[in-house]
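Paired with chain B in one complex and with chain C in the other, chain A is shared by the two complexes that follow.
Now for the complex of A and B:
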């Protein structure tokens, strides 16, 4: 899979340079989908981990307001299908870029193509700490210790935010260093740790809704 | 001109339909003759009575009559225990997790019963709009899960309607308001209907409408207010007649009906006098009730709705003050105590510009108009209301698509086998937010066959969930190592299969043929009697102009027709009547000739 030269394609119909690879705002036409659509290009925003969330939201609204299958109910079946697929892709792009951990994962997959993805690497000492946290959580769930659970949730949230703020310098480094692998492994550790924290958080939320 | 896609609010107590006209969206018909049908049904020997015409039979024939069928849509017997206890008609288990309602000798699925109401709406709309209607947008409560939505879609299909979209009732209300008043910001829609409560918070920004949170209580609504009143009435009756048994279906219906009337009357006045008449028990009981008393009694019910509102706000990450507009939906919001409560909870005066009875149907009609290509200045971004996923080892629920994902959506997960040489996997599809499948709704299951035999954990089975813009879920799977495409059979747990829908439609078609035959039979019998009278009156002429053989043939044929009049086949009767007509033609011709002649003579003396 070759990386698409992002953000530089022209409309299939009128030839205007496209802001989003999904839709031409100049001649209001749906664009054919490529198998490796770049999420950033789908939303018409610059690549990179640090992004303007307001712009992301604005672009999503603009593009969704044109692509949606509701506007193609009376079109040809090919167009109907295309608008459905393009909208699905736009939704996926938006969901993946909006959340910083999902965005980081997506970017890593783009940058680290061909590298073995190690699901298990974790920051040193993290797992041991999590085991003891997990035991603590089990006990609190057992006792239905609501104030305790709330405190625990805040603690996990804080840890998660800590991981999040650690992502920015790593992505900046990724732009400047040659040894991508080292930085990527650091990123991977943080993302794996976040998934772990999230699974603990999910358990608390589950108990809250019962 | 664009085609007409009508909007239908298929309600627990009332169903109505709206459309977009040149002057704007409005309920179809006039105030006197609106496209509105109370959601009531009664089964008679000659078919269905629907709406107002069925109301009297709720009391006279409670075991053959149905109300609140919406509560049963897409649900299983085990979930309905509480509801069923309150209902005078009989609900029984049917195939899979379906239920059927027994009415006399027959039994019907909730889908069939709802389709009868939808058919009536369709017929009425066609008559009032003077054109055929094939497509509709139907509204459902926000908390309806996939099975309940599918059941609604199937009801439409049985009624001959292509349900192009199912939208949430509060969302429809927000569309009607937002577009009417060109509002922007956060809108809270408080919907207290007949049987259910829903709170939805929507964000209106630019041309996009998005649901940011919903919450609700499926067992809370106007019926509960009625129930509070029924309890008050029962107490008042028992005070006077201590040994009275009020558990029979007829008494329960009378109490319920009076409660509804008193509730409505109390919306307009401070105190209401009521009369409870139980003819079977020879009781006529008078009483009175103050609006304050009702307010006090329903306080706990309102508290429950505000707990839901608080949860919805917290899910949306909003505070009370962030809500820009409050919209009321549902007949129960006409109760003054409800309005006052909502106002103090949100700190905003709720909107009442559009009739809360009509607002949902109107919103649905606007969405229908958009789908028909009539406008493109707004877009409703619908989301998956509850997570969708599959059952994995140990009965855990593994989410594939999370809640609030925008539609259309698609996600894949890879799963594997647990036993060596396993060649098939059964995939159970669930919907919910809990960790274990036992706490989620089962939507169906399918079997993935033809996996080449491999060691456990080796096959990579990719399961893909797709939800289209209409909320329709399709699940597919394939094994990645071998590239084997999965053979999928989806068996809906609470829904009807296509074959069952076809069978119902065919049966209702046969029924239509039956009805037609019945009507013709009556018509032909009347014709036969008229012909007999004509022959008798003109027999003198027959003796003059017909020979004996001809007269004998007529008499013989009259006997045959008389015999066929007792049969049930209209076509046989018609054939014999036609034969009689041929035999008597010379007589008719001359009888007519004579009549003409006599007339001519009178005119020219």
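Now for the complex of A and C:
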């Protein structure tokens, strides 16, 4: 698979190489949006699962400041519209990159373009376990067993973090292996498992606030 | 998103909630999940002479997933295994007026029926081969 050169566009107006594909900091101009904007390039950070969250935050603030529709109140209607759309896209990119599971999902779509793997894969016996955990949770919610719920939540959080830390070595492997599908399927397995844990966690949070 | 009246009806009054002992004679258990939303669905059938005489379910998921499995238990009851095997998710979609984003819930219910039947058959075959 050939990697698309995702970070290599030049400003439409001044020709300078762009740090973010949404805005040129050299001549302060909004850039036309491409239908397949790379989220990493939108935020001007390097592609990859392991990212510097502080840098992500800084870049987001800086670029969001430049794109903000308030600055384009006196501009042409086309520019006004563009600043709104670019801001939406930037927010979308930021939301998808700051959360590690969303970032993983996004990166898998990029790296796995044109490839096929089992998207419903789960660890063996996982569904049975999730079903009994759901039943356990039912009983605890019914009894309003607060200490039990807290322990249950901690346990789920811990497992979720375990899945999260398991993503890093797999993404590193993805850079060095030929059989991408095999690694993608292992990544998918972790992402799927996380969604089941999350749906258990959601039930605890919902019940806590009602 | 608004649920259809039929979904709400099944959600408020789910039919055949519960479970059978999965090792009992004639019982088939299907446990399926939808990784896109973390739903998990268990559907069980009780078979006598190739007829499904009873069915139970328990679903952890959204209203549409609960309604789809509740409806599925109603539909399989009284059917032969082959008839139940031919139930299509599109029939569930139609009956419950599920919107496109909830179609996977009906797929899950169809998968659960098929998984329960296949479990029943496997267990029956292993009994005959052992006995």
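What we mean here is this: the second predicted complex is superposed on the first by the 201 of 210 C-alpha atoms of A that agree within 3 Å, B and C clash if a C-alpha of one lies under 4 Å from a C-alpha of the other, contacts with A are read in each partner's own complex, and residues count from 1 in each chain.
Note that contacts are C-beta pairs under 8 Å (C-beta built on N, C-alpha and C of every residue); 3 or more make two chains touch, one makes a residue touch a chain.
What you see is a predicted model; the values in this text were computed from it and never measured.
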item: Clash-or-fit label for the pair chain B, chain C on chain A; value: clash
item: Contacts of A:122 with chain B and chain C, given as first, second, both or neither; value: second
item: Partner chain(s) touched by A:166 [first = chain B, second = chain C, both, neither]; value: neither
item: Partner chain(s) touched by A:95 [first = chain B, second = chain C, both, neither]; value: first
item: First (chain B), second (chain C), both or neither touched by A:195; value: second
item: Which of chain B and chain C A:131 touches, first, second, both or neither; value: second
item: Chain B versus chain C as contact partner of A:68, first or second or both or neither; value: first
item: Chain C contact footprint on chain A (complex, rising order); value: 119-120, 122, 127-128, 130-131, 134-135, 191-192, 195-200
item: Chain C - residues contacting chain A, complex; value: 31-33, 35-40, 42, 58, 60-61
item: Residues of chain A that touch chain B when the two form their complex; value: 61, 64-65, 68-71, 73-74, 84, 87-88, 91-92, 94-95, 202-203, 206, 209-210
item: Interface residues, chain B side, partner chain A - complex; value: 2, 164, 205-208, 370-373, 376, 379-381, 405-410, 433-435, 439, 466, 468-469
